[in-house]
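Got some structures for you, see below.
The two complexes that follow have chain A in common; it is paired with chain B in the first and with chain C in the second.
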Partner chain A sequence: MRTNKLKTAAAIFLLALLAVPLYFTSTFVLHMFTLVFFYIALTAAWNIPAFGGKFSLGHAAFFGLGGYTASILYVKLGISPFIGVVAGTFVAMVGGVILSFPLIRLKGPFFTLASIAFAEVLRMVAVDWRALTNGSVGINIPFRPSWLNLTFTSGAPFYYIALGLALLVIALAWWIRSSSLGYHLRAAAADEDAARALGINTAKAHFLGLMWSSGLTGMIAVFYVFYNYVLEPGTAFSMDLFSLQPAMNGIIGGMGTVWGPVVGAIIMTPLGEFLRFYLGTIQQGLNFVVYGLMLIAVVNFVPGGIVSLIEPWFKKKKSGDSSAADN
Partner chain B sequence: MDDLLVVKDLTKNFGGLAAVSEVSFEVRRGEILGLIGPNGAGKTTLFNLISGLLASDRGSIKLEGEDLTKKPPYKRSAMGVGRTFQVVRPFDMTVLENVMVPIFAHYKTSREAKEKAFEILKMVRMDKLADKMPANLTLAQRKRIEVARALATKPKLLLLDEVLAGLNPTEVAENLPLIRQVRDSGVTILFIEHLMDAMMAISERVLVMDQGALIACGTPDEVTSDQCVITAYLGEEVPGC
Partner chain C sequence: MELIVQVCVSGLLLGGIYALISIGLNLIFGVVRIINFAHGEMVMVAMYLTFWLNYFFGMDPYVATIIVLPVMFLFGVLIQRIIVQPIQSSSANMKIFATVALSLILQNVALIVCKGNFRTVQVSYGMSTMELGGIFISVPRLVAFFAALISISLLYYFLKYTYTGKALRAIVEDHTIARLMGVKVQKLYLLAFGIGCAFSALGGVLLMPFSSVYPTVGIPFTLIAFIVVVLGGLGSMGGTFLAGLFIGVVEAVGGTYVSPALKEAIYFGIFIIAILIRPQGIFGKGKGSEEVGLK
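This part shows the complex of A and B:
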């Protein structure tokens, strides 16, 4: 019975989310929601390799690859962003193939360091390869409103696109985690040797996890870039925005779980905007001090992330449900 | 009886230390073969070489005539080499899910894997604890999960690394018949154990290692009366050994 209640609650919540653009016309509210959805999607995609215990701080690489691919195709060659999404996803996955070499060979912090270097190298390539990327000036997406150009006069379409992306990536993450790939990744995270001795090709599992993660990140990036009309190396390959932020959301929400990224992004995105706005004006960088303190607090006191606090409550509900069914 | 596993001149050096040196033996199909030796004799290293977690420097390992020596661990597992670990390291998921992990190699859907895992848990009498987290179980129970997980890979040869160590006498008495039961289900067993009583009670043959070398091989009685073995364990000076 209670699971049914939970399902009903989820359905009502979803309907309410669908109705938001109808009742809130404030661009700020819509923008905040859209941003939260984008970050839920980005964090859930970042989190897939984390099922296998791999901690990346280089996902900006996939973001930049996806975003640049689609915008270069659109601005320089006039190719629709809908084809750009496919191309961007593919190019980001090629980036994933390259990062899979250190992924498979390096453990723990050494892989993390390699991932940072990877994103930084790509950022510098984007700065210097002016013929292709316009260098530091960046690429502006011309304002030509049309569905085909993924350009709109109101904020509502992107609200729905971002919501759709968030739901899609959560669903995929859930599916991956409960499939054989998910079990193999979780086994590898717990004990790489034991997993290998049990017949698991852990290298392949890590590789497939990164393929999903990089492809999805590239895909999300295309929509994000068209939402913002502009990209330049400093933002497209931004360590802060697309490497650290998803990782922060993941750690604070609960790394390696399905719902952790959702909880993390819902809490951290508005908070991040708020802190940047209020504290950033008092003293530049003060917002990061608060970030740092939060990170230390969570890692020390709730290492499983905020979902680990909520989860037992849900579990109780579920077991209550099964005993009710027995009666 | 035919030979399931044939190991020939297997050698592994760690720097200047010969952890396993020129070890040759065979495991007969359907037997329970014990492996004993003082601490540091190279028993676990030998297991790591057979299961593929370590690459050997020289020598060959053949399972049913097929060469395993250069194969990665997951392929060896698929060919029929299963193992447990001395230090039990269950994955951080429920008992049932632990056993489901290796089953996914054979069954694609979660439901089929669940059913199969449950069957195996029944065999090791852990089915009642299927939904528990391993961290909340006793060592004896966690060792059973290790065995169940290894059985889930459908091994022809099962390498058991001290599945009885650290258990109290009651638990040993409970877990010991399990080894025989697994063998009777058609799995050949090579096992490391320090509990001599248990070892002698269930193994048909025993291998003895010391300082990386195989120093004796035979029935439990033959081995315990072997002068070289006594020397290895007690350190006596025996001329002509």
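This part shows the complex of A and C:
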């Protein structure tokens, strides 16, 4: 009964989302929605290793690898971004394999540290390797509108692409969390030694989690880069945009849960844009101070993230409304 | 041949400062068991303090130590009391969030207050060198090295022979037992954070005569300090000192013969190799390191 109502509500909500580009022609509204979807996808992908308690602050590495691979293939060799997506995903996964070396031995904090260093190293390489990446000037995606080139004259196609990506990654995250991999990861997060004593290959679980996460991040990056037409080391491997932001969304929403990244991205993306426009123009850097204070407040008062506040209320409630289905 | 000796000497001298900063981290890490991601930002704050003292009062960076060190000691105590203590019993990840947030706040407050410009202190001896058997040695770097050596020796003496020092070492060895033996753990946490912060601050002050300060100057120091602590071993002062020198030399050699832009790549490589070969640290005591994720 209750699940039926929930399903109906979710279906209505989804239909409403599909209709948004038909009613809102304002580029700002569409852009904001698209950005939120992209960040839901990025955060949900970041969150997969977090099922196992691994906290990465270097996902910009996978983002940059995916984005650079596809745009280099397209701009220098004329290869369609649809092949670029596959290549970008693969290269990002190779990055994941490299980062998984320290993972074999390291618990939480040192993994976090290694991930920061990894992204920084790649940024340096992207700046230094001018022949391939154009150095700090970056790569511009030429404006040649066509489906095959992933270039469009209106904002609507990317709205649907981003929505599709968000739904895909949420579904995958949900599936992974309820699969045996998810149970292994959660066991490892709760108590690594106990999980190992029970015969769970935790190293393998962490490795697979990172593979999913890095591959998906690389894939999302390809679409994001084509949405933005431009790619340079400072943004592609940006600590703020693609390492810290997904992590912050995840923490504030609820790290290691399926819906945490969704809630986090829905709240933090518009807030981030708002802060950047209002506070950032008054005083550069003020928005990050606010972010930092928010993080400290969350850690102190709601360590489980916003989802941990909503969940009990949601479970007790007799029937879900559309906003609950969304969360 | 002469070049390589020259490069190694300047690397060694810089390594002294790295050792100083890393020993601050080692103490905080070992005693309070927190992964302080804002460690480099403490160096940054100290560098800015030195700069402003020089800018407004014309104070020599070395003289500024008298003010900067106590201020930074207090700063460390406050961080422990306000940010860390409330989440002392939460998971390691929560402590990471809190210190990452702190580093974000400090970096951006620095950006707001001091703007993004590179700031340097103008001192007469900033560029002065002395020649020793065909090798040129920068005077401020030499001063920094010896100041590091002396202060690390003092800390070693303090930890080895005083009652408080012994209590701190007891906490590094085993928290619970130290508490059972009547060690005032909470108070010593404050002390350890203060001392750790002051040591990093000293590193920052000693850097000022020959380098510049900007809001994100601290980021590499956090990384370097962690690598040095991993190499040197948790709770080992001597190991940390040697590892600091080692990283200094590696950076200088790598920067000269490979590419200065790939400095971070070199650190990362060493870091990975070190934890794969000997995760308990090259000189390490290893004990208790499981708790903080090193195993």
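The definition used in the following text is that the second predicted complex is superposed on the first by the 316 of 327 C-alpha atoms of A that agree within 3 Å, B and C clash if a C-alpha of one lies under 4 Å from a C-alpha of the other, contacts with A are read in each partner's own complex, and residues count from 1 in each chain.
Assume a contact is a pair of C-beta atoms (placed from the backbone, for glycine too) under 8 Å apart; a residue touches a chain by one contact, two chains touch by 3 or more.
Every value quoted in this text rests on a predicted model; they were computed, and no experiment measured them.
J.: Thinking of the overlay built on chain A, is A:Thr153 touched by chain B (first), by chain C (second), by both, or by neither?
T.: neither
J.: Per the contact definition in the header, classify A:Met124: touching chain B only (first), chain C only (second), both, or neither.
T.: second
J.: Should A:Ser26 be classified as contacting the first partner (chain B), the second (chain C), both, or neither?
T.: Neither: A:Ser26 stays clear of chain B and chain C.
J.: A:Val299 in the overlay: touching chain B, chain C, both, or neither? Say first, second, both or neither.
T.: second
J.: Check the residue A:Asn4 against both partner chains and state whether it touches chain B (first), chain C (second), both, or neither.
T.: Once the two structures are laid over each other on A, A:Asn4 reaches no partner at all.
J.: Of the two partner chains, chain B (first) and chain C (second), which one does A:Ser178 touch, if any: first, second, both, or neither?
T.: In the superposition, A:Ser178 contacts chain B only.
J.: Identify which of chain B and chain C touches the larger number of residues of chain A.
T.: C
J.: Given the complex with chain C, which residues does chain A contribute to the contact?
T.: Those in contact with chain C are residues 53, 55, 57, 101-102, 105-114, 116-118, 120-121, 124-125, 127-128, 244, 251, 255, 283-286, 288-289, 291-293, 295-296, 298-300, 303.
J.: List the residues on chain B that touch chain A in their complex, please.
T.: 51-53, 72-74, 77-78, 82-83, 85, 89-93, 97, 100-102, 104-105, 108, 110, 113, 149-150, 152-153
J.: Quick check: in the complex, which residue numbers of chain C touch chain A?
T.: Interface residues on the chain C side: 35, 37, 83, 86-87, 90, 92-94, 96-98, 100-102, 104-105, 107-109, 111-112, 116, 215, 223, 226, 230, 259, 261-265, 267-268, 271-272, 275-276, 279, 292-295.
J.: Which of the residues in chain A end up touching chain B in this complex?
T.: Residues 178-180, 183-184, 186-187, 190-191, 193-202.
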